[in-house]
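Both of the next two complexes hold subunit A, though its partner changes from subunit B to subunit C.
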Partner chain A sequence: MEGVSYQRFPRIKIREVKEDFMKFELRDTDASIANALRRIMIAEVPTIAIDLVEIEVNSTVLNDEFISHRLGLVPLTSERAMSMRFSRDCDACDGDGQCEYCSVEFYLRVKCLTDQTLDVTSKDLLSSDHTVVPVDYSDVSSGFDSNSTNKGIIIVKLRRGQELRLRAIARKGIGKDHAKWSPAATVTFMYEPEIYINEDMMETLSLQEKTELVDSSPTKVFGIDPESKQVIVVEPEAYTYDDEVLKKAEAMGKPGLVEIHAKEDSFIFTVETTGAVKASQLVLNAIEVLKQKLDAVRLSDDTVEADDQFGELGAHMRGG
Partner chain B sequence: MGKQTMGFSSQALNCRADQKLYHLQTPQTPIVRTKAYEKYCVDDYPLGTNAIVAVLAYSGYDMEDAMVLNKSSVDRGLCHGHIYQTETIDLTEQSAKSDRAQRLFRRSNLDKSSHQLIDSDGLPYVGQRINPNEPYCTIYNEITSQTTSLKLKGSEPVVVDYVAVDVKNKMHLQKANIRFRKSRNPVIGDKFSSRHGQKGVCSQLWPDIDMPFSGVTGMRPDLIINPHAFPSRMTIAMLLESIAAKGGALHGKFVDATPFSNTMKEGESESSSLVDELGSMLAACGFNYHGVEVLYSGVYGTELTCEIFIGPVYYQRLRHMVSDKFQVRSTGTVDQVTRQPIKGRKRGGGVRFGEMERDSLLAHGAAYLLHDRLHTSSDHHIADVCSECGSVLTSSLIQAPKQAVQEMVGLPPGREPKKVTCLACRSSKGMETVAMPYVFKYLAAELAAMNIKMTLKLSNGAGA
Partner chain C sequence: MNAPDRYERFVVPEGVKKVSYERDTKIMNAATFTVEREDHTIGNIVRMQLHRDENVLFAGYKLPHPLQYKILFRIQTTSQSSPMQAYNQAINDLDKELDHLKNQFETELAKHTRDY
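Showing the complex of A and B:
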């Protein structure tokens, strides 16, 4: 097997980038890489989230566990997370998880003194580190309703006399351990479809039949050219591989009227983040994590055991 | 409806002192609902969650009415809940039973170890976590001047949720209600159900990344159930709920599901069926008419061969939870009379290996295992039987006089064979040891009480 190379040179073409949204094409690679990227973005790119809560006073309507759980789910800006240490392998605090290298301290002290209901929000969380703060959605340019007075993520509501006082420790973690550490809101990819219309066969259809065919797809993939009255592909990526058009063609007695194939090596990714990291950064971090994982495998390749363990795969990795 | 479910059973939880109350942390209102639901304001007492349910056989862990929950969904709070338990301590009741001693709640000043858990009034701190066998309340007896503490029963830690005192009695504090709170988040073995009686047990908390996902929306299901749950039970309504709720969710509307009524809007063509109405709701949003979607394997990233039926279904968490039901025993207490392991979860008893279980082992020819379960691990006993008269009951131990010689020499007291004798035959000549279940000996004794003699004929097994 020596000398056989499976190396490919994947390309990425970015289509759209916003603070918390990104759409890109990934080409010249296969499903394993695309899916690895998706899985890592969801579960293995580290972020920072509240992990330990010490409650001093809680006279609110929600119990301690409930509030702790809610605090954990608040996304914190985590640009620092990649360079931060995991508490479990931090030398500075012996796994205590309370030193500056591996944790960020938060305080929350709110008491309601008026008759009006007081909302405790993520903005009331005071961080000891200005780089790690609850995500502020008001200055995110995309999507969110910015004209409504943005007050952050609501944690609990207080009535007169109720109080909440606590200290929280945020730590680095990954989505595999707990979903609160996942930076991804949605990561998905689809195979790029290739759609062929058999023009000759299409000519045999009446305009009404053409309209029926176009309407059979739940998404707007096909259209009718207003001038030539021909069926054209309007938006190939709207196709969801539902086979509705193929079934319709079959039902009309014209199999092969439309042919659709999925390109095995082209993927269209959609990435949305919680705001913990920027969408573009999330993709880069994911690639970084994937590299680290591969390095861990490659590091052990000169040992005999690794050769035995990986067999032919080891040879591939060495030979390239 | 709410009998078995964990829901939001009261709006005044903080004031209540129920014996045991199951409470769902984050309930939702169902998307598909009836007119009666609104009429009776059930929304004020919700009892479930709209879970995204995919109907497919995915990991094999969804076989036989099991279901796979998405771990990330559970992490985010799906079906989280609590149990509130109230302990009522009435000192007047206690003292009336025994002496006329005056008892009151007070903390012992001698035992400083409990001070972390118990306040100066003898009652626990609100918000304090208490582990099993730790005290949660101390009572002082004025006559004996002794302090007794009430220890937490059970096997899981609790949090003190609320302490209520009864001050009707002008004298000392005599009555208190202590409400404990236990977290009950979904674990493997917990029971869930849709509103159509499709109940199932959580068999795995599956990682989010391994769940199938939709290429278009990127959605992963919260819950996977097996398609085999449908044909024999014919719960078509659940499938309809899934489609209806999906359409409702896409349009941002509640869907009416009142039975025996025409849901179709007035004036619309009579021919259109309910299915058509629901299907067109989906198609209007670019989804498949029948509620199916193309999903990709979360593990491989490849398209699944079939289109998967997926949509939101209102799921309830049922109050049968493993943490309340699991039984474990290795060794433990045995029954006084039969010397067999006792029953009962609370007392650390075992699960009965009954007749039917015995039959199955017999059918398998697993004789050794059968012997192990029913004899060795149960009430194995070595009885002394008199071969002369065949009685198991007449053997008696002869108290051998202490041999002074052995002690003086300083040898370790060697295990000398037990000297047994038959009281009926007045001889120890025919005494033999026979292994038997202890209940057998008990049976002989019971029969003897009824004037029936049981005789054993002993042989060495080679020839009868």
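Showing the complex of A and C:
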């Protein structure tokens, strides 16, 4: 049964890590792996989000379903999500999804008693589990502006006499089900470009032509060395595969002046999260989820047995 | 309304097999694998991994319809191998690749958090 292995050994180089952002290089693999990771980070890494809301009192300007929808979209810290159960396969609570293994309870009770408009924010949501709380964007390490007075995510505004009282159940879910469960704000990858400048041909250009060529790129990929007056590659990754410089070179009657190739086994990833999980954790969770998915698509033993029998039968039928 | 439930996309219904296998009746060493509740994420990586196997003569996958939540793999191999062997091999190799990737990522991350 054991055949030759066609396994690859991809390399990773991390360029930047922040709480909710990271950038890394992935090499020695192909686009299918890169894209699978991207797709999983967006749609299949589980998080926790509010899924059920029971409204007791709502005298605000927004109707019940509008508020419920807004609550669902509030990102909750979801480090626990990977080890939590989906409420649909939780046997501790006969599928009503209200036990500690598969849900977290929240309460919100706010009433405005002054003439000042009162903001109801994610900070007013009281959690039954201190590990699952609305994401706090006032963390210093996150990219958000911490100078602005941090009041959380506004859910609704109240005037004097208005009140909002509710109970909410948060559950584990994935982005494929509803986007509120997606931990990713953006996940992108690009092929690493390889840029060759034909120096001999470049020598035949006047400084003005060189400047024109450099300026033909909509993004700042090329530049002119202030001393040698040579065209140099300033930032290869700024290249958006727009072909503008190549068209320019062609128009100048110098095809092949610049050559750009996408390295097919080298990717640059940017990952940005909603704050539900750390960016680095999101990547690790994505790898874990992909492993679980692969494990699930393995052939079951009874399928293999059935085929073995069929194989003998088939051999008989073929006259073997 | 008649829209299917959202969970239909990823929950395998009771009594349905996740992976089923059907041998081709006319071509030797060819078979179709039907994988329930999977999409391009699995389809494409398995297909590309199968292409790396030199005993695989043909490997392709399709998502027959966006509302039929399954994918089909079609694999033909040389007589040195079999579709089932190639399929298992591809999944094992991918699994090992992801193990390696995870280790790489963790060591890189440890380096970075120390520098911080």
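Criterion: the second predicted complex is superposed on the first by the 294 of 320 C-alpha atoms of A that agree within 3 Å, B and C clash if a C-alpha of one lies under 4 Å from a C-alpha of the other, contacts with A are read in each partner's own complex, and residues count from 1 in each chain.
Throughout what follows, contacts are C-beta pairs under 8 Å (C-beta built on N, C-alpha and C of every residue); 3 or more make two chains touch, one makes a residue touch a chain.
Computed from a prediction, not measured in an experiment: that's the story for all the values here.
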After the match on subunit A, would you call subunit B and subunit C a fit or a clash? fit
For A:292 in the superposed arrangement: first (subunit B), second (subunit C), both or neither? neither
Quick check for you: in the superposed arrangement, does A:138 touch first (subunit B), second (subunit C), both or neither? neither
A:174 in the overlay: touching subunit B, subunit C, both, or neither? Say first, second, both or neither. second
What is the contact status of A:66 with respect to subunit B (first) and subunit C (second): first, second, both, or neither? first
Is A:24 in contact with subunit B, with subunit C, with both, or with neither (first, second, both, neither)? second
For A:35 in the superposed arrangement: first (subunit B), second (subunit C), both or neither? both
Please state, to the nearest 10 degrees, the angle that the Cα centres of subunit B and subunit C subtend at the Cα centre of subunit A after superposition. 80
Shortest distance over all C-alpha pairs of subunit B and subunit C after overlay on A, integer Å, is 6
Footprint overlap on subunit A, comparing subunit B with subunit C: 32, 35, 39, 176, 178
Which part of subunit B faces subunit A closely enough to touch in the complex? 14, 25, 71-73, 75-77, 80, 82, 127, 159, 161, 181, 183, 207-209, 213-219, 282-283, 286-289, 293-294, 298-303, 307
In the complex, subunit A residues that touch subunit B: 31-32, 34-35, 38-39, 42-43, 55, 58, 61, 63-66, 69, 73, 175-176, 178-180, 182, 186-191, 218-220, 238, 240-244, 262, 270, 272
Flag every residue of subunit C that touches subunit A in the complex, lowest number first. 6-7, 9-11, 17-21, 23, 33, 35, 38, 40-42, 44-49, 52-53, 55, 81, 84-102, 104-106, 108-109, 111-113, 116
Can you check the complex and tell me which residues of subunit A touch subunit C? 1, 3, 5-14, 17, 24, 29-30, 32-33, 35-36, 39-40, 44, 88, 174, 176-178, 280, 283-284, 287-288, 290-291, 293-300, 303-304, 306-307, 310, 314
